[in-house]
């Protein structure tokens, strides 16, 4: 941490800051510039993390230099982490595609969707059984009934299952049917849920919060890893901006950022990221070209009758066409699909 | 809902939309303009809420006209709701001030803070016992020990207690010590927590999410009211914008918006809203002038040694000075402090 | 400036940075922490401003400590600046109100508006003769004809004139009729216009850009002052955020920020800041309570037939009621209206 | 336009709205729903554009259905526009790369950069001679001297020139040396400049404003086209969001949006879009995969001594490597480089 003193800070002001640092076992390192004095704080990472000095007289501002996360950081773990889901490897050479409807609505709908995504080359079936919805009057999902359908249909087609968990009490229940726990954007900083998933035995896909910074996202993943679960996958799903043409603004630079800062895999959700099915294809191609490790895409056999997110769902035909394109981009990137 | 057809939509396209509406029991009302046809959808509110037609050929976009919330809406409940906490009335003539430290750190710290805020005229003691922190390595609060201290010290001073709840499993525990449950910004759309609080017997103060729209905030309150708990208080605490000089951008227009759209009270948190103690005073005055029903303010006897949020905490002396100013603004507004 | 080295930066990396600093006449001051080395850069302000070292190997990031603006800064000019417009003083004890229609439409409309705002207690007549509009097909203003009307009507009522300038070629023309040049949000970083206004002889009211940071805004004012024109007034008019209920998000904390960082006066525009006339009253009150030096408010004798911004214009009756309230808030603040 | 009436609007309220529409020559089309009445406004596009009725009693809100731009719209011009710059075609099969330093600093620097970008396969040399800088004390560019260098060096290498124009008085001057006028983000809504460029004889590359919506951007282009200049190229360069890890958030979904809404070409600037040279490569690849018609990339022979934007400039070596990758992505997209 660096403490920037005000231009008119007195010697006593600076001394008080130094004393405060000594009290908590930290050392001060002064640089006296033309305009002001800056104080480098040296010592134990954790002590610095909890230091608050802005209230001291003469202090202009403090600047944090080091991030608080460690287990998710590439600094401390330079090689890529590969999350292995019974043989399907996320974060390796393969770009893994997860696809299916937004919500599980019925066994027929799900089976039709599963057949289609399997035919297109997806490895995972996605589908929500617990739906966090803005309004209490919106369709909230089929709960365990939906989970059972997911497992049944996925097994029929030889697919893995990824599905959302919204309550820490459901860890066992969801874990019984799913291969990956998905934490949605609204729960990215539901720390009780993250702590509980830190004790879970299956991988967690952590979606970026609606307006989460990269740094907050990494710290959220740190909660899971700090609990002992090292199988974390990031999922960029668009951030909230002033633009209203798209549902969210898909931030593909997050792919490059995560690859630089962390060793964990990152996948991209162009369906929620744009909210418009016509945009899913170009953005899915772009995501792979940016270097992501996978995609999660909404596919619905009949989007016009979907109970949720029909606007952003691909038809099986469009999904198929997309997969053809993605295969070629994967080739260029030295990856497989 | 209104469905806007593309300029080149055909008669068949329009017919298909009409048929789809009929299928789900809704009626279409066509207006044919110069550039395009628009279709007004008429019928049951709930059916419209779940309608998805953007995938149908020829549809340009859909525009939702009515909000989904109802119980929180002033349309359906024109008079102001007053939340009565054992005689302290929030939403009435009085502007209710809640004050205290960010975190409960020790009984001595809390007692000193409580005496100060009581002396200044606060009616509630605030203080976090469960702290949702960005990093797992930050101070996470004293839990039940902290709750006990809050109750003990509040009772000594004749104050009420407002404190954060982060886990639905803690409803009984927190309810044993607190008078108001506070839901923090990060949990505004933790629907499991909201549903559980809908069954609780004490009032809920619902902070606005980091990047929540007014509409999402109202819908989140609807979750609580739909569960049966009608004692909900909104709390504006700043939204996330591109500006970095302040910690958040305190959106005081939200006070006017909530007053227009809802019958529920709204209080303002200028401490988190700005993140800078020097700004708390002007923004607290502004909040009262904008028409808020209360304030929640961080006061710490020794901000420079606080375990969290020292930067934004007032000293007892500054809090006192602020309360003097607020009293005069309340006079102008025809309110009391 | 502070240069933060990567944890794995080598001695040679650090040496290269030191050499680079020496080359341009700056000095390095090293602090070696547990995780990384940080280098304080000491020396001439301007040299530091132009320094770029992020490309050097081993550099993690650079952090700028000092702002580039100087003339607008309170550090270098501690006392408040008062802009004196022929006896109407902006930045002193009086809270100065500027009011009138968005656009000058006709002499009748303007005269009716001027009478109303004068009666309410405004000191300035506002009204646009050159309108920067999103679409080329929107009403673009009456140009010089509008300026003439403004002057004529203002003189009849004993008001001053503030009006927007959109083109540096119009400085003489606008200056002939107006008392204050208004620079709109879209032109806040139109540096050619700012430079030209730096040579002008009348005060400039500089609106905050749509998504401008406080720092960029101060630097924009520095352009005007650096040209020799010291009569600059800031105007907060709302910033762009994700919220769509209001046209912009009025950032009243900017009032406190400008007061802390600069000696120049700041006024607030609650009309553009909210885009909703019902919100103008509470937000105008809040702005005065936050400590602003003035207000600019849209008042239209017949808002429902306005050629622009009717949605956010007050009727004369509402304006009058507002002024009554503001007078009382001014009393509390130790100011006059 | 659709007018949504309040649930408690009276028959007289609705009648007043209808009368107002009649007065200005428009027709009303009523749909009476369960919750409220909505009024479709039918008639002349331009009359609707200037209609303001929100002030009328009983009106809840108005919703605009049709965009105001026309010349830039794909509705009115379905085929792609190709901008032909002396044989280099932008918007056709080729993905056109423009590269060079942020600022023109010296003939040696520029020549070295030009040789490098030519060798890599760029068709345009970029470089700023007029620099709009946040602070008046930052390097402002070499002006005409810089333009001359650009032309000279570009001619030596057989490159075209694209460079920024910041002042309408410079149209002739810049046009003498440049092949494309670049309008920077800060000037996207400098309507005086846009109008003047509408009369110019050379193509205009219009960068997206810092916080401009897609719709505002299209309307800004409409200003140029409405003046008679049909050679407009969009340039996405990142938007301002809350994220601070990147300089801006590069919005690649804007590529798909522009392709859908307009017939004009769009290129992408991954250098300003990210502000970090390490991210330029992945984001350039992603941009091409998303379907852009070109790229503008900062390349500096010695980024560590650049007078501006060194942090985001590629070395010639990195540029070369990038061009190799882009060629392969172009193949997949059925395009050439």
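Read from first to last, the chains carry the letters A, B, C and D; within each, the first residue is number 1.
Everything below uses one rule, namely that a residue touches a chain if its C-beta (ideal position, glycine included) is under 8 Å from a C-beta of that chain, and two chains touch if they have at least 3 such contacts.
What you see is a predicted model; the values in this text were computed from it and never measured.
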Field: Which listed pair, B-D, C-D or A-B, duplicates the contacts of A-C in over half of its pairs
entry: B-D
Message: Can you tell me which chain lies farthest from chain A, using the average of the Cα atoms as each chain's centre?
response: C
- request: Identify the chain pair with more contacting C-beta pairs: A-D or B-D.
  value: A-D
Field: Distance between chain centroids, defined by C-alpha means - chain C, chain D (Å)
entry: 26
- prompt: So what's the Cα centroid distance for chain A and chain D, whole Å?
  reply: 30
Message: Using Cα averages as centroids, what's the distance between chain B and chain D in whole Å?
response: 38
Task: Note the residues in chain D that touch 2 or more other chains, in rising order.
output: 211, 240-242, 244
Residues on chain D engaged by chain A in the complex (per definition of touch): 211, 213-215, 239, 241-246, 249-253, 255-257, 259-260, 273-274, 278-279, 282-283, 285-291, 325, 328-329, 331-332
- line: chain D residues touching chain B in their complex are 2, 4, 7-8, 29, 31-36, 38, 40-45, 63, 65-66, 75, 211, 240-242, 244
Message: Applying the document's contact rule, which stretches of chain D touch chain C when the two form their complex?
response: 20, 46, 49-50, 52-56, 68-69, 132-139, 166-168, 186-187, 189-192, 195, 209-211, 216, 219, 222-223, 226, 240, 277, 303-311, 313
